[in-house]
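In the two complexes below, subunit A is the common chain; its partner is subunit B in one and subunit C in the other.
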Partner chain A sequence: MLQFQSVTKRFGPRAAVDRVSLTIGHGEIFSLLGPSGCGKTTLLRMAAGFESPDAGRILLADEDITELPPNRRALNTIFQNYALFPHLNVRRNIAFGPRLAGWTKARIADETDRLLHLVQLESHADHKPDTLSGGQKQRVALARALILKPRILLLDEPFAALDLQLRRRMLLELERLQREIGVTFVFVTHDQTEAMSISHRVAVMADGRILQSGTPREIYDRPANRCVAAFIGDANLLNGVLNAGDSGLHLATEAGPRIPIHQTEPWMTTGTAATLCLRPEHLTLCTAEPPAEPGREALLGTVRDAIYLGTHTQFVVAAADRDWIALQHHGGPGEARFLPSIGDDLWLTFDHRHCRPLPNAPHTTPPPNEGATP
Partner chain B sequence: MIKRFSWTATTTWLVLLFLHLPVAVLIAYSFNASRYGGRWLGFSFKWYERLFRDDEIWRALGYSVAIGLAATLLSLILGVSGALALHRARYRLRGLHFSLLYLPLAVPDILMGISLLLFFVLLQVPLGVLTIVAAHTSFCVSYVCMVVLGRLQTFDFTSIEAARDLGATPWQAARLVLLPRLVPAMVSGGLLAFTLSMDDFVITFFVSGPGSTTLPLRIYSMIKHGSPPLINALSTLLIVFTAAVIAVAQRFTKEVPRT
Partner chain C sequence: MSPTNRQGWLALPSLAWLTVFFAAPTFIILGLSFKPATVTGGFGEGWSLAAWHMLWDPIYLAIAWRTLWLSSATTAICITLALPVAYYLARCAPRRRRLLLIAVILPSWTNFLVRVFAWKTLLHPQGLLKQLLDATSLIAPNQPLLYNPGAVLLVLVYTYLPFAILPLYAAADRFDFGLLDAARDLGANALTAFVRVFLPNVAHGIGVAVLMVFVPALGSYVIPELVGGVHAEMIGNKIAQRAFIDRNLPLAAALGSCLMLVVLLPMWARMAWTRKGTDPKGPSNPASEPNEPAGGAR
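Presenting the complex of A and B:
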């Protein structure tokens, strides 16, 4: 549906977007996720036509739109600040596109009514945007963009200005709309929770490059490198070096544990600095020293912090000269779990199976047509 | 009952009196039958009658209004485009251009008058209505530009992008989104330019030529040749007219939503 082919955009000497190739499928909810300044907004603005790429092509439904001005692209944008027209009331804001497109008066009225109903703003049709709340403004922006029946809706940090409750409601509402009208959504966000919860697929960006794209689950379970692992969810990231020993290749971490590597990948060469990624939910806490077991590590530590999260408690444990994040589930009713308090000494154990060796640096040169088609 | 003495109220009244008493005296004296100020010889409309029969005053007023309208139109065109350029474009001389914008406000009128006169003489432009329009435009532009710049500070340029996104050409986006937001600033900037132009004496004095006597110049020469009561009557009419314009302008700006 929307395709970026090796798109590059430079601002001065810096490449804001660097040879990005990406294909977004029909009806997909796709998120561009990354810290601010990673180039995700620039990529979106190029799709909308507000910036033109220095190199590469952008295709919409197999048609080259790289040189097309924004008013001739069959996609619409929801801006971060909504960018409503302050001098027009809600109805006229929504009817702005159709008027320009020269629809008949009757059709404009019908469609505007339909959209007002869809976003539940019939009672506010005659209000000026200044008098609306953040959530209402956002729904006006949504209606204004959807009335033109775009093939793709681009959303630039659409929930950044909303509080948590409203953000959840809007997310659900957008999902519903997406099911009803089947439009393709492309989100730009720095909020990983938002991206993970709503998206079919996510592309993680940093420094103008796509580090990894895939389903939220793939990215969480199998991050491509240290950057992705650090950005998506919490992780214990241990510095280490790849060594060849008697029993084959292993990752020797600075913290101590040596993790054997069973499945070698092309980047894994002896002497390479690498990272061990261990998710907090894979760490187990226990009071007594666990019996030694092959494939299992045990470290003695002290609880430094405990954050109660309702169903879980997140512990920060000092062990082997570093802090470890561990997540303990409180368990079901009647199920007594070990929940230590701050200052307690305890044992921290984890399984080699749950350790993921990751390359430190993002990929060097991306293979052609990276960012698999859905 | 003892009424309490209030400093605030007293000073307010004194300041108002100080500001407006001369105007009140002027209005009163325009109805004075006496030829000379100072003594009240009874109520009379005769200065007004005289005023309406004075062709030269009406010609001068005609010049002033025509010059004012022309200078307003020109400074609106230049001022709005200048404000847009200064607000949007990022270039090396931007700081310098901002200072140049403030210059006509700071430079004494007499200096501006002399320099404009030298300039026109050097270019061998015959002095007259055209040079006055050019001179007035040169300082009115600054005022219009600053008023419009102030308005642009609160304008969200993503709404232009939103309009483009919804199918507007660059021209349509400017006309449908930017222009409606600039109208209040253009009205107040335009009124400011018009009054400044109508009111200007010093600069006009230098750049006017034969057959281009504006109202302030005419009033000045009338005082020199001595007919103050006529001027009182004229000033009263001007005050009434200005008050009416201000009232209309306030009505107009109220209807436009703020921010």
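Presenting the complex of A and C:
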């Protein structure tokens, strides 16, 4: 549907977007996720036509739109600040595109009414944008973009200005709209929760490149490299080096544990610095020293911090000269779980199965859909 | 006493100033225009409409017409030239913007009269501009550049252009240029976006610029006097002639009052219109957010 082919954009000597290739399918909800300055907005602006790439091509439904001006592209944008026209009321804002397109008066009126109903703003049709709340403004922006029946809707940090409650509601509304209308949505966001919860697929960007793209689950469970693992969710990332020992290749971490590697990937060569990724939910806390078990590590530590988060508590445990993030679910009613408090000594255990060795540098990225976990 | 009333006192000094130096003289002039003139150049006893009758002289009508079109043309040209400048100023890098703004303001550091005389020198038959145009055969050799309405228009535009640029720049600076992206996104080409989104949003600045150019242009006296000559006189010149040469002060007062009305009537109409326009009909309440109907989406 929307395809970037080795697209590059430079601002001065710096490449804001560096040889990005990406295909977004029809009807997909796709998120470009990354810290600010990673090039995701530039990529979106190139798709919309506000920036033109220095190299590469952009295709929309197999048609080359690289050189097309924004007004000739069958896609519309929701801007971060919504960019509603302050001199026009809600109805005329929504009718802006159709009027330019030369629709008949009757058709404009019908379609505007339909969109007003869709975003539930009939009662505000005659209001000027500056009298609307953030959520209302966003719905006007949505209606204004959707009335033109774009094949793709580009959304630039659409929820950045909304509070949490409203953000959740808008996310649900967008999902509903997406199901009803079947438009392809491309989000730009720096909020991983937002990206993970709504998207079919996510592309994680840093320094103008795509580090990994895949379903939210793939990216969380099988991050392609250290950067992705650090950006998506919480993770214990241990520095280490790949060594060849008697029992085959293993990752020797600075923190102590040596993790054998059963399934080697092309980037894994002896002497390479690598990262061990261990998600907090894979760490188990216990009071007594667990019996030694092959394939299982146990470390003695002290609780440094405990953050109550409703369904679970997140712990920061100092062990083996570093901090570990672990979490403990509270369980159902009447179910007493072990909940240590700050200062307690305890044992931290984890399974080798849950340890994921990752390359440090993004550039040796293994194909994301290949390296299956053992 | 409510705070607004208390703050009302703060306006007193400027109000007093305006009363003494603007409202009172205006009414005195208006009153004097209804006095009869005397041969010695003073005011006679009683009241008379003689001065106002004299205004219907075709000479005055022709000059009034010229004054009006010269001022309107000046305003139109100034706004047309100032709009792109203001647009560019608001979009360019701050460093360059400062330089350009200085360039806009700098000429006004030179005395106004000196600048008009400079134009007179340039446009003079032996002047640089005329010689240059003759050399390139761009104009007929006997076509004078000086002492015609064209020369007045040129110098008026030159003089009042900064007064159009500055308010327009102030308005453009507040304009969210992201709106142009939005317009482009919704199918507008660059020109349509400029006309349908940029212009309406700087309308206030255009209004200010119109006033800042049109009003002083109407009252121009020095410029038509120096570069217009007898063929391009404006009302200002006639007022000066009546006051200083023939000493018909009531006629000068009547001419002045006319000019004042031409300026004040449109302003008053505009104010009345704006007040009607902003009359709050059903105040919208952005604070009603929590009750908005979006919750029913599920």
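One rule holds in what follows: the second predicted complex is superposed on the first by the 363 of 374 C-alpha atoms of A that agree within 3 Å, B and C clash if a C-alpha of one lies under 4 Å from a C-alpha of the other, contacts with A are read in each partner's own complex, and residues count from 1 in each chain.
What we mean here is this: a contact is a pair of C-beta atoms (placed from the backbone, for glycine too) under 8 Å apart; a residue touches a chain by one contact, two chains touch by 3 or more.
Here the structure is a predicted model, which is why all the values come from computation and not from measurement.
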item: Side-by-side fit of subunit B and subunit C on subunit A, or clash; value: clash
item: Touching partner for A:120 - first (subunit B), second (subunit C), both, neither; value: second
item: Partner chain in contact with A:172 - subunit B first, subunit C second, else both or neither; value: second
item: Larger contact residue set on subunit A - subunit B or subunit C; value: C
item: Touched partner set for A:96, first subunit B, second subunit C, both or neither; value: both
item: Shared subunit A surface residues [contacts with subunit B and with subunit C]; value: 48-50, 69-71, 76-77, 79, 81, 83-87, 96-97, 100-101, 128, 144-145, 148
item: Subunit A residues within the subunit B interface of the complex; value: 48-50, 69-71, 76-77, 79, 81, 83-87, 96-97, 100-101, 128, 130, 144-145, 148
item: Contacting residues of subunit A [partner subunit C, same complex]; value: 48-50, 69-71, 76-77, 79, 81, 83-87, 96-97, 100-101, 120, 123-124, 127-128, 131-136, 139, 144-145, 148, 166, 169-170, 172-173, 176
item: Complex contacts: residues of subunit C adjacent to subunit A; value: 176, 178-179, 181-189, 192, 196-197, 200-201, 203, 284-286, 288-289, 292-298
item: Subunit A-touching residues of subunit B, taken from the complex the two chains share; value: 156, 158-159, 161-169, 172, 176-177, 180-181, 257, 259
